[in-house]
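Heads up, there are several structures right after this.
Paired with chain B in one complex and with chain C in the other, chain A is shared by the two complexes that follow.
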Partner chain A sequence: MIALASLTVLSPFIAAVVGMLLGLRLSRLLETRGVPGHRVLRNGPAVIAVVASALATLFALIVAVTLWLDPGPREGTLTLIPTGTLPIAVGLQVDGLAAVVGLMVCCVALAVQVYSIAYLAEDPRYSSYAAFVSLFTSAMLLVVFAGDLLLLYVGWEVMGVCSYFLIGHHWEDRANSRAAVKAFLVTRTGDVGFLFGIFVLGVGAGTFQIDEVLRRVGDLPDTTVLAATLLLLAGVAGKSAQFPLHTWLPDAMAGPTPISALIHAATMVAAGIYVVARLYPAFLAAPTALAVLGVMAAISMLGAALAALAQSDLKRVLAYSTISQLAYMAAGLAVGTRSGAVFHLLTHGAFKALLFLAAGCVIYVTGSNLLRDYGGLREAMPITFWSMTIGFAALVGLPPVSGFFSKDAIIEAALHAESGIPGPVATIVYLTLLVTVAVTAAYATRAWLMTFFGTARTAFTPREAPRLMSWPVGILAVPTAILGFFGLGASELRPHLGSAALSLLLAGAGGYGAYAVWRRDPALDPARVLGPVRTTFERGFHVDDVYDRVVVAPVRALARAVVGVDDRVIDRAVESSAGVTRAFGGLLRRPQNGNPQTYLTGLLAGMAVIVLAVVIFV
Partner chain B sequence: MILLAMLAVPLAGALLLLVPGLRQNRLHGTVVSGITLILALAAALAFDHGNPRMQLEVDRAWAPAIGLRFHLGVDGISLPLVVLTALLTFLCFLYLLRHPAAGGASPALLTALLLVLEVGMLGTFVALDLVLFFVFFEVVLIPMYVVIAVWGGPGRRAAAYKFILYTLLGSGVLLVGLLLVGVNAGTLDMVELAARHGEGLSRGMQITAFLLIGLGLAVKAPMWPLHTWLPDAHTEAPTVGSVLLAGVLLKMGTYGLVRLALPLAPEGAEFWAPWLGLLAVIGIIYGALACLAQSDLKRMIAFSSVGHMGFVLLGIATLTPVGVNAALFGNIAHGLITGLLFFLAGAIKERYGTGDLDELGGGMLAKAPRLAAILTFACVASLGLPGLAGFWGEMLALLGAYQPGAGLPRETFVTFMVFGGLGAVLTAAYFLRMLAKITHGTPADGPVVAGVTRHEYAAWVPLITLTIVIGLWPKLILDLTSAPVRALLGGG
Partner chain C sequence: MHILYPLVVAALLFSIGVYGVLARRNAILVLMSVELMLNSVNLNLVTFDVWLRDRLHGGQVLTLFTIVIAAAEIGLGLAIVLLVFRNRESIDVDRLRALAESDAEPPADSVVERQGPAGQGDQVAVSSRRAPQ
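Moving on to the complex of A and B:
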C-alpha cells in the first residue's frame, strides 16, 4: 500500500528528471526509428509525461479502491534522518482523505498533460514545460501522502518553485516574469509562517510525524496549538490564495492556460485547504484559529466574487472565482464540516479544471483572453459550450451538477456552526456565503453570455478546438456533472431543502440580474452597470497598490540605504583605520627622525629627569 | 597516513614546479589535485561512519620543548569539508585548463599558489593541534593574496591589501586567544582540550578566550560587521579565486568556531552566544538587503555569502546539536552552491565582458539557454529550496533557534528565528530579481554567446549533482555530523 503510494509520488518525479534530461533525445530516437501512428507518439517529452501521469493515476486508483474496500489509515517509514533534535521521518501515510485527493490530483494532472500536447504543440520549450508539470504533480502528491510535517513542507515548497517556472513559461514578456516572481515571493512569505507553525507543533508534540502529532494535540497547551495553527494559516493563506496573501493568483494567469487549470484549480491552491483538513484535529483544538480562518474566508469569498464581476479577461474571471471558491472550502473548515470542505475541494477540482481547459479552447480559437472579443461561440464550439455550461452551473451551484451538493453541504453546516467558533463570526460567514452565491451567479452568467451568445465581436474563424484539447474538456464534464451524487452516501453531505431553496433563489436572482442587463444590449459588457465601482472591482480593491506602497517600496528603499551604509559607514570605518594607523605611525616617527642631535638631547634630558627624581625622592 | 599523503601531494606538486621542465606541463595542477582528491575520497572510504571519534590519526612530536605536536585526524565534522576542499580545488584546475585566468603572470605560478592554498585549506580541517591549526590557517593567506593581487580585476591592489590586512588582524587576535587557552590549560592538543569541555579554565578566562578566538574566526566567516573585505575581494578575484574563497576559505572561520571555540570555552560560548546570534541575524537581513540593491553580479553573490554564513553562524550560536549540524550542513551546501555561482559569474563575465546586471540586459535564456538554465538552478538552490542542498542548513538553523541551548534566552532566539525567516524571503527576492533581470525578457541584438564548454560542464556537473544528492538525501551529511557534534557539545 505504502509502496503503491510511493510509486504514485515517484513516477511523475522520475518522469520530470528523465523528461528534462532525455525528452528531446527520445523524440529524435522515435523519429529516426519511424514509429508509426499519430505524431504524438513521436513526441518524446509528451510520451514520457503522459505515460508517467497515467501510471500515477492507475496507482492512485488502486490505492483509493483498496482503501475503500478496507478502510483504515496506513503508514510506512523508509528511514529517519537525524537532525540533532527531533528526527525527520521519510515516510508516507495513506488514509481516505489522502487517497481521494491524490486520485483527484492525478486525474487532473493527466488531463492537463494530454491537453498540453496540443495547446503547446508549437512551443519550443514544451520539453521543460512537461517536465515541470510532472515535477509539480509529484510535489503535490508528496504533500498529499507525506507522513511527516517537514516532508510535507518539502513538497509544499517545490510546488512553489514549479509554479514560478510554469507561470513564467513565456518569460520573454516581462509581465509574465513579474507574475512568476510575485507568485513565488507572496507564497514564500506565507510559507515562512508555515514552517514556524510546523516547528511549534512538532517541537510541542515531540515529533514531526503527522499521525503522532495529531494524537498528542490534546495534551498540548492551548497557546501552543493556537500559535501553531495561526502560523500554519499564514502558509495556507499564501498557497490557497486567501486574503491577505491572495494577490498572486490573478496575476498567475500569465502562465499557459493548462497551467492555470493545474496549479490554480486542482493542486497548488488545493494544498492549503488539504493541509487544514489533514491537520483538522489541531485546528479544532484552537477555535480562535478557525475563527480567523472564517473571517479570512469571508473577506476573500465576497471580495473575489465582486472582483470577478468586473474582470475583462476570461482567465482572470476564473482566477478570482478560484479565490472565492477556495474561500468556500475555508469557510466550510471554519464552521466544522471537514467532509463538506473536502467534497467541495473535489468537485471544484473537477469543474475548475474543466472551466480553465475550456477557456483555453476559447482562447485557442479566438486568439484573445478578453471577454469583449468573444461572442456567439455556441454553435461553432459545441463540446466546449456544453462542457463550459456544465462547469458554470457547477460553479454557481445549480442542481443536479456537482457544485450544488458540495456548496449546499457547506452552507448548511455554516447555519449550525459546530466547530466552536464565536457566534458572530459564524453568522458573518453564513451571510457572506449566501450573498456570494448571488454574486457568483451574476459573474458566471456574464462570462457565459459574453462568450457564447450574441454575435462575434472580433474577426476569428469559429471552429472547435483540436481533439486533444476538446476531449479532456468533454471528459472532465462527466465528473463535474455527476460527482455530487457520491455525496448522497454520507448524511452530512446530502442536500437540505431549506438552504438549497435559499441559495437557488439567490443564484437565480444574481443570474437573472446579469441576464437582464446583458439583454438590453448584447454587444456591451454587462459590467458597465457597476458604474464608478467597476474600476475598484477590476483592480481587486487596489490591494496590490497598497502592498506596493507598504511593502515593496520600503524594502527597496531599505536595500538602497543598506548599500549606502555599507559603503559610507562600515567600510569607511575600516578604511579610515588605515589613515588612523598611518597618523599614529607618523606621531611615533617624529622622535625617530635619524638626527643624532635630537637623540642626544633626549638622552641627556632623560638622565637629568632621573637624577632629579633620585635627588628629590631618595 | 592517508591524511599525511593528502597534504604531502599538493605540497610536493607545488615544489615540483620549481623544476623548470615541469612548468610547461599544463596538466600538472589537474593531475596533482586529482590525486589529492582521490586520497581525500580514500580517506572518506577508510573512515568508519559509525565511530564518532577522531580517525586516521597521525600524531608525532614536532617541537617537544613547547609541547607542540604534529597531530592530524578527521571525524564526521571535518570529513565532508576535506572532501569538499579537494573536490573544489580539482574542479578549479579542470576549469583552468580551458579558461585560464586573465593576467600576464605565468600559469605555473598560479598552479603552485593554488596547490599551496590547498595544503593550507586541507591542513586547517585536519589539524588537531592549536598551533598547527593556526599555521595552516595562515598558510592560506599569502597564496590567496597573490592570486587576487596578480590575476584580479582593475581594483585588485586595494582589494588584495584589504583582504590580507583584515584577515591578518583577525589571525593575530585568534593566535592570542589560542595561546591563552593553550597556556592556561597546559596542552595544545585539540582532542584533549575538547574532551575537557573547558575544565580547568576559569569563567573569565573562557569568556576572554571565546571573544578572541571568535573575533579572529568571525573575520574569516565573515560575520557582520567584519565583512567588508569580502565583497571587494570577490569582485576583484579571478573566477577560481572566488570559488575557493567562497567555497572553502569562509568555512575555515565557521569550522574553527565549531572545532575550537565551542568545545574549548563552553562557558564563554554561552556568554557570547546571544551576541553571536544577533550579529548573525543582522548579517542575514543586511546581506539580503544589500543584494537587493546590487548592480554587479559578483558583488551580489559575495553579499549573498554574508547572508548565508549568517545562517551558519546562527546555527552555531544556538549551541544545540541541531544548530551545529545545521552550521556544518550549511557550510557544505554553501560551498557547493556558491562555488557553482561564482563559476557561473565568471563564465558570464567571460562571455559578455561585464558583470553589471544592467549592461547584461535580459534574455539570457534565449541567448545562452544552457548557461541561463544552470544559473537558474544555482540561484534556486541558493535561495534554499527544499530538495536541494541549501534548504537543510537554513531550516535546521531556524529550528535550532526555536529551541536554543539551555541557559540561553529563548525569547531572544525565537526573535532571531523570525528575522532569519524574513531573511529567507528576502534571499528569494534578490535571487529572483537577478534572474528576472538577466535571464528573462528579450535579448538585445549582439554577438552570439558561446555555449557551455566541455570543461565547464566537467567543473559544474559534479557540483550540480552533489547539490541535488545532498538535498534529496540529507542523511548523507547528517549521519556523519550528528554523533561527533553531540560529543563536542558535551552530550552523550
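Moving on to the complex of A and C:
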C-alpha cells in the first residue's frame, strides 16, 4: 500500500526530471522515425508527462479501491532523518481522505496534461512547462500522502515554487512575471506562519508524525494548540487564497489556462483546506482558531462572489469564484463538517477544473479573455457549451449535479454548528453562506449568458476547440455531474429538504435577476446595473490599493532608503578612504622629486641627527 | 707635527666634498667632490698610520687600494656622465629627474605594444625586415 502510494508520488517526479532532460530529444526521435499520428502527438515532453500522469492515476485508483475494500489508515516510514532533537520521518500515510484527494489530483492532472498538448502546441518551452506540471503533481501528492508535518511542508513549498514558475510561463510579458512574483511573495508571507505553526505543534507534541501529533493534541496546553492552529491558518489563508491573503489568485490568471485549472482552481489552492481537514482534531481543540477561520471564510466568500459579479475577464470571474468556493470549504470546516468540506473540495476540484478548461476552449476559439468579446457560442461549441453548463450548474448548486449535494451538506451543518465556535460567528457564517448562494447564481448566470447566448460581439470564427481540448472537458463533465451521488452513502452528506429548498430559492432569485437584466439588452453587460459600486467590485474592494499604500509603498520607501544609505554612506566611505589615502601618499611623495642631491641631503641630515642623539643621550 | 693639523685639513676637505656633492649642479664637479671626500679619508688613513706607528703600515696599504678603486670609479662615473650627456645633451644633475614620482599614467601605447602575440609578431616582422639593410 505504502509502496503504491510512493509510486504515485514518484512517477510524476521522475517524469519531471526525465521530461526536462530528454523531452526534446524524444520529440526529435519521434519526428525522424516518422511515427504515425497527428503532429501535436509527436511531442516528446508531452508524451512523457501524459504517460507518467496516467501511471500515477492508475496507482492512485488502486490505492483508493484497496482502501475502499479494506478501510483503515495505513502508514509506513521509508527512512528516519535524525536531527539531534526531533527526528524527521520520511513516511507516507494513506487513509480515506488522502486516497480520494490523491485520486482527484491525479485525474485533474491527467486531464490538464492532455489538454495542454493542444492548448500550448506552439509553445517553445513545452518541456519545461510539462516538467513543472509533473513536478507540481508530485508535490501535491506528497502533501496529500505525507505522514510527517515537515515532509508535508516540503511538498507545500515545492507546489508554491511550481506555481510561481507556471504563472510566469510567458514571462516575456512583464505583467505575467509581476503576477508570478506577487503570488510568490503573498503565499510566502503566509508560509512563514505555516512553518512556525508546524514547529509549535511538532515541538509541543514531541514528534512531527501527523497521526502521533493528533493523538497527543488532547494533552497539550490550550495556548500551544491555539498558537499553532492560528499560525497554520496564516499558511492556509495564503495557499487557499482567503482574505486577507487572497490578492494573488486573480492576478495568477496571467498563467496559461490549464495551469489556472490545475493549480489555481482544483488542487493547490485546495491544499490549505486539505491541511485543515488533515489536522482537524487539532483545530477542534482550539475553537477560537475555528472562529477565526469562519470569519475569514465569511468575508472571503461574500466579497469574492461580489467581486466576481463585476469582473470583465472570464478567467478572473472564475478566480474570484474559486476564492468564494474555497471559503465555502473553510466555512464547512469552521462549523464542524469535515466530510462536507472535503466533499465540496472534491466536487469543486472537478467542476472548477472543468470550468477553467472550458474557458480555455472559449479563449482558444475567440482569442480573447474578455466577456464582452464573446456571445453566441452555443451553436458552434456544443461540447464546451454543455460541459460548461453542467459546471456552472454545479457551481451554483443546482440539483442533481455534484455541487448541490456538497453545498447543501455545508449549509445544513452551518445551521447546527457543532464545532464549538461562538454562536454569533456560526450565525454570520450561515447567513453569509445563504447570501453567497444568490450572488454565485447571479455571476454564474451572467458569465454563462454573456459567453454562449446572444450574438457574437467581435469577429472570430465560431468552431469547436480541437478534440484534445474538448474531450478532457467532456470527460470532466461526467464526474461533475454524478460525483454528488457518492455522498448519498454517508448520512451527514445527504441533502436536507429545508436548507436545499432555501438555497434553491435564493439561487433561483439570483440567477433570475441576472437573466432579467441581461434580457433587456443581450448586447450589454448585466453588471451595468451595479452602477457606482461596479468599480469597487471589479477592483476587488480596492484591497490591492490598500496593500499598495500600507505594505508596498513603505517597503519601497525602506528599500530606497537602504539603497541611499548604501550609495551615500557605505560607498562614499569606501571611495573617500581611497581619496584620503591618495592625499597622504601625495604628501609622502613630495620629497621623492627625482633629484639625488635632495635625497643625499636628507640622508646626511638624518645621520647628523642620529649621531647627535647618540652623542647626547648615550 | 701635531696630529691636529692633518685631521683638520682632512675634515675641511671632506666638508668641501660634501658641499660639492650636495650643492653642485654639474655632474663632473659632483664626481670631483666625491674624489675630494675619498682623498680626505686617505689623508686620515695615512695620518693615523703614522701616529700609531703601525709596523705593517696597514693604513698606507689601504690608501693605495683606495686610490686604485677611486681611479676605477672615476672611470665608470665619467663614462656614465658621457652617456647621459649624449642622451640628454645636459649633465645638469638638477634636471635629471626621470626617477621622480609623477601623477601621469605611463604612456599606454608602449604597454600595448609589448602585450599579446600580435604585437610581438609585428616586432619580429619589423626586425626581420630591417635585418638585410
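A few remarks follow.
The working rule: the second predicted complex is superposed on the first by the 558 of 618 C-alpha atoms of A that agree within 3 Å, B and C clash if a C-alpha of one lies under 4 Å from a C-alpha of the other, contacts with A are read in each partner's own complex, and residues count from 1 in each chain.
As a working rule, contacts are C-beta pairs under 8 Å (C-beta built on N, C-alpha and C of every residue); 3 or more make two chains touch, one makes a residue touch a chain.
Since the model is a prediction, treat every value here as computed from it, not as a measurement.
Contacts of A:Tyr153 after superposition on the shared chain: chain B is touched, whereas chain C is not. In the superposition on chain A, contact is made by A:Thr601 with chain C only, not with chain B. A simple residue count on chain A separates chain B from chain C, and the partner touching more is B. In the superposition on chain A, A:Arg589 makes contact with chain C only, not with chain B. Overlap of the chain B and chain C interfaces on chain A comprises no residues.
The residues of chain C lying in touch with chain A in their complex are 18, 21-23, 93-94, 96-101. In the complex of the two chains, the chain A residues touching chain C come out as 589, 592-597, 600-601, 604.
Taken together, the chain B residues at the contact with chain A in this complex read 162, 165-166, 225, 228-229, 286, 289-294, 320-326, 362-363, 365-366, 380, 385-387, 391, 395-396, 398-400, 402-403, 417-418, 421-422, 424-426, 428-429, 432-433, 436, 439-442, 474-475, 478-479, 482, 485-486. Listed in rising order, the residues of chain A touching chain B in the complex are 79, 81-85, 150, 153-154, 156-158, 161, 164, 168, 171-172, 174, 176-178, 180-181, 184-185, 188-189, 192-193, 195-196, 199-200, 203, 555-556, 558-560, 562-563, 566, 570-571, 574-575, 578.
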